[in-house]
Amino acid sequence: MAEATLGQLAARFGLVLRGDPDVPVHAVATLRDAAPGTVTFLANPRYRRYLGSTRAAAVIVDESAAGECTVAALISKNPYAAYARIAAWLHPEPVAVAGVHASAVVDPSARIAPSAHIAALVVIEAGAEVGERAVIGAGCVLGAGASIGEDTRLAARVTLYRGVRIGRRCIVHSGAVLGADGFGIAQDVDGWVKVPQLGSVVVGDDVEIGANTTIDRGAIEDTVIEDDVKLDNQIQVAHNVRIGAHTAIAGCVGISGSTTIGRRCMIGGGVGIAGHLEIADNVAVLGMSLVSRSLTKPGIYSASVPAIEAGDWRRVVARLRHLDDMYDRVRALEGHDKVSDPEHS
Amino acid sequence: MAEATLGQLAARFGLVLRGDPDVPVHAVATLRDAAPGTVTFLANPRYRRYLGSTRAAAVIVDESAAGECTVAALISKNPYAAYARIAAWLHPEPVAVAGVHASAVVDPSARIAPSAHIAALVVIEAGAEVGERAVIGAGCVLGAGASIGEDTRLAARVTLYRGVRIGRRCIVHSGAVLGADGFGIAQDVDGWVKVPQLGSVVVGDDVEIGANTTIDRGAIEDTVIEDDVKLDNQIQVAHNVRIGAHTAIAGCVGISGSTTIGRRCMIGGGVGIAGHLEIADNVAVLGMSLVSRSLTKPGIYSASVPAIEAGDWRRVVARLRHLDDMYDRVRALEGHDKVSDPEHS
Amino acid sequence: MAEATLGQLAARFGLVLRGDPDVPVHAVATLRDAAPGTVTFLANPRYRRYLGSTRAAAVIVDESAAGECTVAALISKNPYAAYARIAAWLHPEPVAVAGVHASAVVDPSARIAPSAHIAALVVIEAGAEVGERAVIGAGCVLGAGASIGEDTRLAARVTLYRGVRIGRRCIVHSGAVLGADGFGIAQDVDGWVKVPQLGSVVVGDDVEIGANTTIDRGAIEDTVIEDDVKLDNQIQVAHNVRIGAHTAIAGCVGISGSTTIGRRCMIGGGVGIAGHLEIADNVAVLGMSLVSRSLTKPGIYSASVPAIEAGDWRRVVARLRHLDDMYDRVRALEGHDKVSDPEHS
């Protein structure tokens, strides 16, 4: 942990300080449970009720909430981003020592930068490359010809199939699998024929990939994850998908083959996206929804239904099944003839 | 496998025996396919039809079904729990030999109990602790300072990030990842800023965690799994979630950040739970439902819709889209003015 | 890569060639981006617009599209399957060298066929078997008594628990876990009792299993995956499930315990299937649907709702909650008495 005064933090991170600049802080904390000597933040309005009683040395807030602050305020237009930077500075990542652990199995043709850290029991196959200051966690497997950019960190037990390329400053979490075969099968008279998956996976810079997320290699061309994409855990990205820069995707999302997702999209947890679609830039999809058509306009989309008491819901479902009949009955009450309804199919 | 007479089983497990106490049994079996010398059980009423024809030596049943039993009956108020205990006794786990496999990479500062079993190619980093009789399966990675309680078993290829703490008598299955960074990102003008994930994961006693389940470390405080929680495979538990004691969660559930789930809850497969919610004790959620609001009362909740023939369903969906219009038309038929409807938003 | 003339391809794969048989090809390509010297295909009608402008040496097409082809045509009744076979022939898998890597930990009682390839840091426990020409990727763990048939390939970091049996010519992708304990727990007064999972997992021939897919061992009998089943990534198959031959299942599907799925079924991505059900042969289920009852007839089933603009959807959900009331109001308008409705429950 680092230590700083509030005045130093304000100067370093471009914040306005209301309070004593000489107060030292050494850690971050939550608004509710902060101890003296810590700095905290207010970003989610639901925690505003703790603002008056926090014991933190200072709170990172926006201008509108600064007045309610009974301790020192570090004022930012974007308190959450300011908090993120201060937290990273007060709590730096442990430094990995350069070098290859004696138990790692590294093919002589692989090129490992001198400043890279290769942990215990890593396997690096022929022709793979690891850039400067990259960290390859224990038990990772880098297939033949895979490449890892500078300052990228793989946590323990990440798998890259042959030829997968990851850019700079990325983070990949444990259990992630990049470059497995896409689900390509052709139906023939006596069963399935496997369609070879000949493309690869290309990941840009500043991408984070969550634990146990899978990104399949392309069938012919590559699956592409552009710069600054953020993927949570247990996401499935099928072959030939392209995810645009700055898009963030929450856990348990499944994206089917050959779909293109635009830039700066936000996809909620558990969403399913069908194949061969185009999703425009700046689209948000609410959690647990299905996207089965291209979304050509920015906006927020949803098909999610919140759970209610099961007995009430059972009655809804019983009626839902007969919704088309109900529609016909309403039309009949209105004096329309069912057959004349052009929308009926 | 152990062997016992029916009389011994009745005595050991506190059951009432109707039948010959000297009949030996050596294994468990299903009601339908039991061979002589085995003991079986009836817990699910759909299998009651096999009760009259089973060839088992004895059936574990409750009082109400004992009369239909044509072989010996071991009578219990809770036949399934009695079966579970008898099966564990007749089919004990293979005993793991104490000691550290020569191929394991164990940091000198780690503390490994003498009776613990560390399998091949395990990595244990600095300061980690493994309790008495614990079993660490092949290829596991225990990050710096992680700790494993007494009698806890990790199957092959489990990953614990630094500082993750697991209690006693737990079971963690292959591919599970505990302590990866939570999905914390702050939006800034030119992209995402990573929010450091500084908490850890704390797992109580008697917890089981399924294959490829992921439990993220907390952002500031810890993610907490209380005693006797049972998690199936491929569950995603986000940062700062708390799951109350005795709660059971089926496969493929996703729980978003900072949500608290009560004690003795039952969450069905594929459920999604949004973030920052409070779920009361004794809540059940039916499979594939979305929970997007706090559930403050015990009860059964659902939003699941069973699949029907696709052509019929397509008509339902077409009408569903226009449900608000249909409501207005019903109100018009009733003689109401649309504008006067206070519920319309 | 191999190389062939169009005439050789036509002869080897039983296709009708319209064009110069002496033109050489060395690779496959997409219709849109093909370079000279490549062969491509048309299977999905949405790409037909590229047929007139492709630069490929030849296109694999069916008879109906051959006329539009401005380059050579390789005519097949099933262009996609023909493409798959040609692609596999032009781009053969890298050959794995027979032998056991020095870093692998193989129990002396395991039987490894001389032509098998065991990669770095594999663990093979007592009594396991690996068939001729099988490939076991880096970091795999084969539990005691597990068996792998001839020509089966495990990618890196696959886990088989004790006793799991896989047939011939299968492919299992990284992170897959076969044979973890099924989710068997019995509720007792003071908490859960674990139900021992005593069965195993049996996988037939020609099965492909995707990355991070989990298949649990049976409670008493085995979980069974029949021949030529194709499973995509992140699928959860619970204990005692049986999946019939030639069935294909897309990513993120969850199948609950003791359900039987028929032959030649097609299950879309993200589908959830409840436990103890029977799904007939030739059933298709559309993506993101829930199957909560047995489906006894072949056909296509769905409960999926495509996302729409969130504001519009919110109004639908508000009405959906009160669908039962709306039904009553329609019946009142029709002059029915609510109480007399036999369907109302």
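Letters A, B and C mark the chains in the order given here, with residues in each chain numbered from 1 onward.
By our rule, contacts are C-beta pairs under 8 Å (C-beta built on N, C-alpha and C of every residue); 3 or more make two chains touch, one makes a residue touch a chain.
Please read these numbers as outputs of a predicted model, since none were measured by experiment.
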Required minimum of steps from subunit A to subunit C, each step between chains that touch: 1
Proportion of interface numbers common to subunit B and subunit C (over half same, under half different): different
Centre-of-Cα separation between subunit C and subunit B, whole angstrom: 25
Residues of subunit B engaged with two or more neighbouring chains: 121, 139, 157, 175, 212, 234, 252, 304-306, 308, 314, 320, 323, 326, 330, 333
Subunit C contact footprint on subunit A (complex, rising order): 105, 121, 123, 125, 139, 141, 143-144, 157, 159, 161-162, 175, 177, 180-181, 183-188, 191-196, 198, 212, 214, 216, 220-221, 234, 236, 238, 252, 254, 256, 272, 274, 276, 284-286, 289-293, 295, 299-306, 308, 312, 314-316, 318-320, 323, 326, 329-330, 333
Contacting residues of subunit A [partner subunit B, same complex]: 28-30, 33, 43-44, 46, 78, 80-81, 83-85, 87-88, 91, 94, 101, 103, 119-121, 137-139, 155-157, 171, 173-175, 206, 208, 210-212, 227-228, 230, 232-234, 245-246, 248, 250-252, 269-270, 287-288, 304-311, 313-314, 317, 320-321, 323-324, 326-327, 330, 333-334, 343, 345
